[in-house]
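Below you will find the structure I want to go over with you.
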Amino acid sequence: MYDIGRNKRAEKAFGLDDVAIVPTRRSRDIDDVDLTWRIDAVSLDFPLIAAPMDSVMSPETVIEVGQLGGLGVLNLEGLWTRYENPMPVFDELAQLRDPLSAIRRMQQVYSAPIKPELIDARLAQIREAGVPFAGSLSPARVRDHADRVVKAGVDFLVIRGTTVSAQHVSTTSNALDLKEFIHTLDVPVIVGGCANYNTALHLMRAGAAGILVGFGGGARRATRNVLGIEVPMATAISDAAAARGDYLDESGGRYVAVIADGSIARSGDIAKSLACGADAAMVGVPFARATEAPGQGYHWGPEAWHPTLSRGLRDHFDTIATLEEILIGPSSSADGSMNLVGALRRTLASVGYTDVKSFQKAELILV
Amino acid sequence: MYDIGRNKRAEKAFGLDDVAIVPTRRSRDIDDVDLTWRIDAVSLDFPLIAAPMDSVMSPETVIEVGQLGGLGVLNLEGLWTRYENPMPVFDELAQLRDPLSAIRRMQQVYSAPIKPELIDARLAQIREAGVPFAGSLSPARVRDHADRVVKAGVDFLVIRGTTVSAQHVSTTSNALDLKEFIHTLDVPVIVGGCANYNTALHLMRAGAAGILVGFGGGARRATRNVLGIEVPMATAISDAAAARGDYLDESGGRYVAVIADGSIARSGDIAKSLACGADAAMVGVPFARATEAPGQGYHWGPEAWHPTLSRGLRDHFDTIATLEEILIGPSSSADGSMNLVGALRRTLASVGYTDVKSFQKAELILV
Amino acid sequence: MYDIGRNKRAEKAFGLDDVAIVPTRRSRDIDDVDLTWRIDAVSLDFPLIAAPMDSVMSPETVIEVGQLGGLGVLNLEGLWTRYENPMPVFDELAQLRDPLSAIRRMQQVYSAPIKPELIDARLAQIREAGVPFAGSLSPARVRDHADRVVKAGVDFLVIRGTTVSAQHVSTTSNALDLKEFIHTLDVPVIVGGCANYNTALHLMRAGAAGILVGFGGGARRATRNVLGIEVPMATAISDAAAARGDYLDESGGRYVAVIADGSIARSGDIAKSLACGADAAMVGVPFARATEAPGQGYHWGPEAWHPTLSRGLRDHFDTIATLEEILIGPSSSADGSMNLVGALRRTLASVGYTDVKSFQKAELILV
Amino acid sequence: MYDIGRNKRAEKAFGLDDVAIVPTRRSRDIDDVDLTWRIDAVSLDFPLIAAPMDSVMSPETVIEVGQLGGLGVLNLEGLWTRYENPMPVFDELAQLRDPLSAIRRMQQVYSAPIKPELIDARLAQIREAGVPFAGSLSPARVRDHADRVVKAGVDFLVIRGTTVSAQHVSTTSNALDLKEFIHTLDVPVIVGGCANYNTALHLMRAGAAGILVGFGGGARRATRNVLGIEVPMATAISDAAAARGDYLDESGGRYVAVIADGSIARSGDIAKSLACGADAAMVGVPFARATEAPGQGYHWGPEAWHPTLSRGLRDHFDTIATLEEILIGPSSSADGSMNLVGALRRTLASVGYTDVKSFQKAELILV
């Protein structure tokens, strides 16, 4: 604890950039590394989830991520469920270079209503491909569409908001009782973002199969500027991992996945988030560089087009490779933007681990 | 305390950029957040005061801020009280792009004498609009014009200098006895800037209704370069808030408003300053981006045109939106420059508070 | 130790940029400084080894470094042993300005097989010049070619990988038993990179004449981005120097050279690495600026052209001077890129030391 | 003390950028501030010494600084004593924009021999103006020319090297015995740079009237890159000020001036250096911006043209004002480059001091 002044104290919190993994005395063969990740009944080849952001996840890319061995999530409140054919909208947005104009136009196009039948159609299209997949809804709307999503056969329902607290107090609306809601659902739920030990524990007690750790998704910088709120990820993940352990104990063995969600732009960030205690990472930025990305080089989350308070940037990235190259290589770029899975495998081997669970104990330093 | 060397020790002080607000276990409905702020007899819709800087506050914009629910302050030693029609001066300054030439010209145009009758006229114009308003004078000149200002019906007299100390010692001039002076006035006084606990306490004891915390207004960077003086705001606000508590106790219940004044450029900074303990924030930069700003994209305070020692920059900003959009939205920009009030409301809701007074207890971290 | 979160603690580690050498009460004549360095049977005029990177070390530049009094090392798995005449390959690569295209082409040209007879030819060419020299192989391939290298009459065999651990565990391959391997060889071995006390001690116990300290060679930044692994050099060198002392004691007097390898771009970095406890430094970047450098201004290590996971940048530097000027001056550039030896001599004199061994005790500060 | 690694510990040292002056409870009238500074028999209007660097100090500018109330020092080993008419050399250097070419040409033009009769002529020219003045020689050459300099009637002999240690050990040359040398001289001596308590104390015991604190003059950044040596100024000044106090005690009342020399580019740095304990500051950069500066916008010290190891940059600055405006104002630039004296006066007044001696006790914070 540090004294900010005579009236206020604060703890130091750490981001992923503040920490690094260090080699220790042992290394392993890269071929001995097993990244397989199991959450609820689903087994995936590696612990990566593609973030439900319109700029990266279309029904096609959700399928492709699944075919490559990961888990894709479609945003069910985005352009794909508001427009029969959203491609002209994507094309138009890609033409708008001025950030202010682009956000204003996005606020308009996202004001089109969600068409429930499009939720059905998009999920059906993915389901036909026979890969694991998920759909995401916001806490505010999840009750409206959850049944429909479950019926569509998703493997997971993702409830993803900027922040989900342990206790939401409202005098006017009927707040979501998460525990009761999850209990009534027929699919496992992944829910977040949460940013501290207490909320993580609460979400686990509510019955989540996995929790998203982070605040503001990829919009960390904007969130800090607009709201003054910031959740350094290394600290948040470590706190959530502590909650996972305590809940495992109190529940007599229920293991809830901790999924890092936010500030994860490079393969090295994925490794760091796992070494901080995460079981998996939800990533968006790397996929925005794929030739298949609907955003065509632009990348944004739902924070960007909030109707009255935009608090997410629309970033621009160069398109560098296919989704496959980005996910499983080969990589020709030394900035951590390609071969995310190969890089993670290499990190584990270099510091002497063969699976993610034991790698969570890897030694970190402050840099 | 750190050892600088064998001869000197220093404490670590923190700026608003060093801290961040963290979500805790509770969140609230945004509609349950009440930002109403009461200072002396005046009630405002939100705790924001527009800084008395010529580049942002004209009689018209003071009125507009008041109509939108805030408090505008007119600088009574600026162009509006030196020139019958200052618009050509603003136009000329907006043409000067070279900083050195611009400051030199400002030193000339600000050497025109203050016309007391213009003080009357400007304040009368605002008063007619029927909104709360204030006028500001410097410590050096406040005695010359205070009666006139009070007579004009302002809600507050703002005495604003680069710094106001608890004790000003002079061998040649007759220093202002603040306590005696405030006692004789018929309007509540807001006075500053102050930068430490002792001075804050002194200003409260002198009878101020509110104190401005900060040094150099928005000219922090320049002040550091020119004078070597710097007052990191998070620490200064926290210290002043401690003084407020102690004075509340010693005075048997007089609550003096702590108003953060300086380094507040983005909506997130406003939230942080309140979380450090401020009751309200005085802001200039955000309004410099308004289409109505007299500065036409340029922004400066009185430090800039000091006749012999310029120590404030003339900054340039893009004009992005109307004063209304900047103050109460909607916002299409994720950099904290628009919808200041909506952003503050959102921050409180996100971390579980419904009013500013309780939000002052929000948890901070060092980032 | 700092708390990252409830689940994880970390120590603070320091890079060379975090530390600086401070003058103390004594200074020495620059002519009294003796930089002579002895490792095994070889005596060198100064403690600098040119890194086995294709962009800087050709047979010709290995010879030139040797003639100037240092030690050059040829990469025996690079272009010189894959191509009879590699110059057209260097020329082609120098034409490719786009980083992605350059790395892709490098992945292709480095996929050509190593021709054992070229190992013989290149080393024979250097040996004729009669200067001390070394050849480097990777841990994976050292068994395939070591005999050939020893027979060629090198002074040292360098085994250089991104990381060499104290214990490599493999279920599929037959891991190298370093101790046994070194024991069978007829030349002294320099091996690394290692990044911590335990591994340094293990490599010393395995019989190394010198150990390379660092991770990722010059590819530190890329390694952090791609793998999340980072080894701040000041800490790594100090830990290895502690291992050297402990091993000296346990072995009854065997002194193993600690050679800093990585992040050493300027002459000041060389001085700092020695002051942290290194006996010598392996450097690449400075030589990339030489008119004789095969890379023609571009600089890369083997991490760059890894076939599936590039994790080293191809940097670009201006060609500024001859190899001789860069190594022993005179220098006309105040950025630490020229007269590396003269600068080191000057540093020792300025802070009062006449030889490297005593300079290892120089006082450091954190800056 | 921090652990760098298992083998090395280091203290944290602070530069002027790490500290700031904070207002306390008192302020003073600016007209009550008295900056008069007395060193030995000379009284100056303010505690500023112009650095003996060719780019800023010509005989004419030394005179001008003296007439404005400060102390100018002519470098007696620079162009003014090597060339009858150095102006064409300055003109030629001002035409060379490429840094490498410029340094190479400087190494040539500074290889011209020093003409002792020019030392006489330059000093005589200044003396005629009747202002306080000084000439500087390097430790290596001070014995060759000191008599001549004393005879010319300087107020001070400045012996200025990159570093002067408490004890210089040489096996080949006859090192300068500073104490004996100063004892034989008929003028007070200012000597440095020194960088720690012990050396400061030694120089005081040797009989110096003033000591220069710093290493590498203005060439701090280059010195760090080239030599790895760095002396953060806040710590160095504080340590020297502690030595001043201890020496005052042990000598029974001899007060030796501590003069900050290095890293002082803005008026705020001057204030900070005094608040750290200095009695005066030697500055170069601000004068490089004067219309009268011989360097014509370029600025360099003797480190730049070292014949074999350049370790000082040739910086470029815009010419912004006359020497008078830079020194005593008025200032139209808020970056600390003009009205150095007025800014210092303002700082003292703002934080409640009326003279430099008491201002040395001003409160600092770490920022």
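Note that the chains take the letters A, B, C and D in the order they are written out, and that residue 1 is the start of every chain.
As a convention for this text, a contact is a pair of C-beta atoms (placed from the backbone, for glycine too) under 8 Å apart; a residue touches a chain by one contact, two chains touch by 3 or more.
As the structure is a prediction and not an experimental result, all values here were calculated from the model.
Asks: Which chains are in contact with both chain A and chain B?
Replies: none
Asks: Give the label of the chain whose average Cα location is farthest from that of chain B.
Replies: So the farthest one, by centre of C-alpha atoms, is C.
Asks: Given that chain A and chain C are copies and touch, would you call their interface same or different according to whether over half of its residue numbers are shared?
Replies: The interface of chain A with chain C is built from mostly unshared positions.
Asks: For the identical-sequence pair chain B and chain D, what's the CA-based rotation angle in degrees, nearest 5?
Replies: 90
Asks: Can you give the whole-Å distance between the Cα centres of chain A and chain C?
Replies: 40
Asks: Take the average of all CA coordinates in chain B, do the same for chain C, and state the distance between these two points in whole angstrom.
Replies: That pair's centroid distance is 56 Å.
Asks: On chain C, where are the residues touching two or more other chains?
Replies: 12, 235
Asks: Following the definition at the start, I'd like every touching pair of chains, please.
Replies: By the stated definition, chains touch in these pairs: A-B, A-C, B-D, C-D.
Asks: Touching residues of chain B toward chain D in the complex: what are they?
Replies: Per the stated touch rule, the residues are 2, 4-8, 10-13, 15, 99-100, 103-104, 107, 162-173, 175, 194-196, 198-199, 202, 215, 219, 222-232, 235, 303-304, 307-313.
Asks: Can you list the chain C residues touching chain D in their complex?
Replies: Residues of chain C touching chain D: 12, 14, 19-29, 31-32, 197, 234-239, 241-242, 245, 266-272, 275-277, 320, 329-336, 338-339, 342-343, 346-347, 350-352, 363-367.
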